[in-house]
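Two complexes, one shared chain (chain A), two partners (chain B, chain C).
Entry: the complex of A and B
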């Protein structure tokens, strides 16, 4: 593999691995707090999956010449993380988590489909495995959306408020974080096509659930995780996640 | 030289740490065994995030230590619940976990009374590979291996 291809693959895979890792971490923060016992179990399974996907991708990055997964997760400076700011936001209302996770899962499904065009066998093998697991996640969060949208006045109000609150923060999710020529070279569709496909799918489901459509997704953002411009929330996660490591760097896990 | 069958027989001693009584051969996790100067065993992870993977790899290495095996997880074929052998399905049932339902059946039959009058309660159970169900006839909750 030539240097250029290797660099392109590293740039392609890093944001995906980081998204999955941060989603996994935020999900793990609900353990013991989710609204019911079954949901606690679901959250533990789903977010264990996400962290497993991240680990697979971090190992691919290591094979491509990046530091090992532990170093990538525990030692990388904040500005080198490429997850979307959308996934790093702190947890709050349960409805906001449901909305964020549903939006992310729909995006992730479309991203996985788009990645099938990339000619890199170890990635293709991992994707096949990941797709089988992710199908459960999307169904789970779509079901929650439906339950909240049709679950009475309060649930419906909360889900509508949550959609309005997260809508302006969506746009960096759709950014591949790659130069246009590199993106085309890898066989990926433009970010705009990914976003259009997402809008089509989500809009159809919003209609089924009789949720009002919030309109265009704002494109101007102060922060863009794909360019390393994160919100303070990422620093908070990393500080919490690394707390034990910082106190006792040599401890066995 | 040791034969593939001898290696397989030994691997039948390695149990899935999350499902006692079910070994990794019946679970369909052993994908290739190559015997040359060393013994190489390729394993398929059931789920990428399964926390039991490291334990399983270590137990395979311990079980085959006399051959100084090279054990690795491979991803060229995704593991599927169809890979569970008939013996594996029988052992699951014996242990009280419903084997994965066939493609035609919506929900698995109750492992306790055999009734097919069951309903899904949650796609997610106590481990990544299991889901939660309820039997309307014997009125017992039960777990089933996910169809994947």
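Entry: the complex of A and C
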């Protein structure tokens, strides 16, 4: 593999791994707090999956010449993280969590489909398993959306408020974080196509659930996680995540 | 959906296509689809199953509520026990190596004939 291809693959995989890791971490914050016992189990299990996907991708990055997964997670400066700001934001209430997770899962499904065009065997191998698990995650959060949207006045109001609140923060999710020529070279669709597909899918489901459509997704954002311009929320996550590591760097887990 | 507690669903898993659905426990869920999702996460995270059933608990008629319905098989009903047939080994082989039903029949009649 030539240097250029390796660099392109590292740039492609890092945002995906970081998204999954941060989603997993935010998910772990609900442990013991989810609205029901059954959901507590399901929610934890789903976020364990996400962390598993992240680990697989971090190991791929390590094989491509990046530091090992522990170093990537515990020692990387904030500005080198490439997850979308959308996934690093604080959870909010259960409706806001469901909305965020549904939006992310729909995006993730479309991203995984797009990644099938990338000619890199170890990635394709991992994607198969990841795709199976993600299909379940999407169904789970779509069902929650449906239940909340049609579950009475308060649930419905909370969903609509949550949609309105996260809507302006969506756009960096669709950014591949790659130069256009590199993106085309890897066989990936442009960010715009990914976003259009997402809008089509989500809009159709919003219609089924009789949720008002919030309109165009704003494109101007002060922050862009794919370029390393994060919100303070990522600092909070990393500080919590690294707390033990900072106190006792050599401790065994 | 009305307020209050979710209904209880009894959960059954089928380990392979030839196995019976086996009761594994129960969960609460808002609707059957969510019950299936919760059942998967609560009971089948670490094992493979080819099918999961969820059954609303109130759809189950239980004999324990009416003791007269419970069978009492005593010594006096020995004539109902199927002794004298020895089909078990044939069925075991059938299960183990996916024979056709005709082959099982052949094997049985062959041995007897």
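We take it that the second predicted complex is superposed on the first by the 253 of 253 C-alpha atoms of A that agree within 3 Å, B and C clash if a C-alpha of one lies under 4 Å from a C-alpha of the other, contacts with A are read in each partner's own complex, and residues count from 1 in each chain.
Note that in this section contacts are C-beta pairs under 8 Å (C-beta built on N, C-alpha and C of every residue); 3 or more make two chains touch, one makes a residue touch a chain.
Predicted model, so just to flag it, every value in this text is computed and none were measured.
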Chain B and chain C placed together on chain A: clash or fit? clash
Query raised in the report: After lining up the shared chain so the two structures overlap, which partner does A:140 touch, if you call chain B first and chain C second: first, second, both or neither?
Result: both
Practice task
Scan A:152 for contacts with chain B and chain C and give back first, second, both or neither.
Solution key: second
Worksheet entry | chain B versus chain C as contact partner of A:100, first or second or both or neither | neither
Q.
If we overlay the two complexes on their shared chain A, which of chain B and chain C does A:125 touch? Say first, second, both or neither.
A. first
Margin query: Once chain A of both complexes is superposed, is A:41 in touch with chain B (first), chain C (second), both, or neither?
Written below: both
Between chain B and chain C, more residues of chain A are touched by B
Next item on the list: Using the touch definition from the top, say if A:25 reaches chain B (first), chain C (second), both or neither.
Entry: neither
Is A:195 in contact with chain B, with chain C, with both, or with neither (first, second, both, neither)?
neither
Of the listed chain B stretches (7-15, 25-33, 61-69 or 133-141), the one clashing with chain C is 133-141
Footprint intersection on chain A (chain B / chain C) at 38, 41-42, 45-46, 136, 139-140
Interface with chain A, chain B side, in the complex: residues 45, 47-51, 75-76, 78-80, 121-128, 132, 146, 148
Per the touch rule, the chain C residues reaching chain A in their complex are 1, 3, 6, 27-31, 33-34, 37-38, 40-42, 45
Given the complex, residues on chain A that touch chain C span 36-39, 41-42, 45-46, 136, 139-140, 143, 147, 150-152
As the complex stands, chain A meets chain B at residues 38, 41-42, 44-46, 48-53, 55-56, 122, 125-126, 128-130, 132-133, 136, 139-140
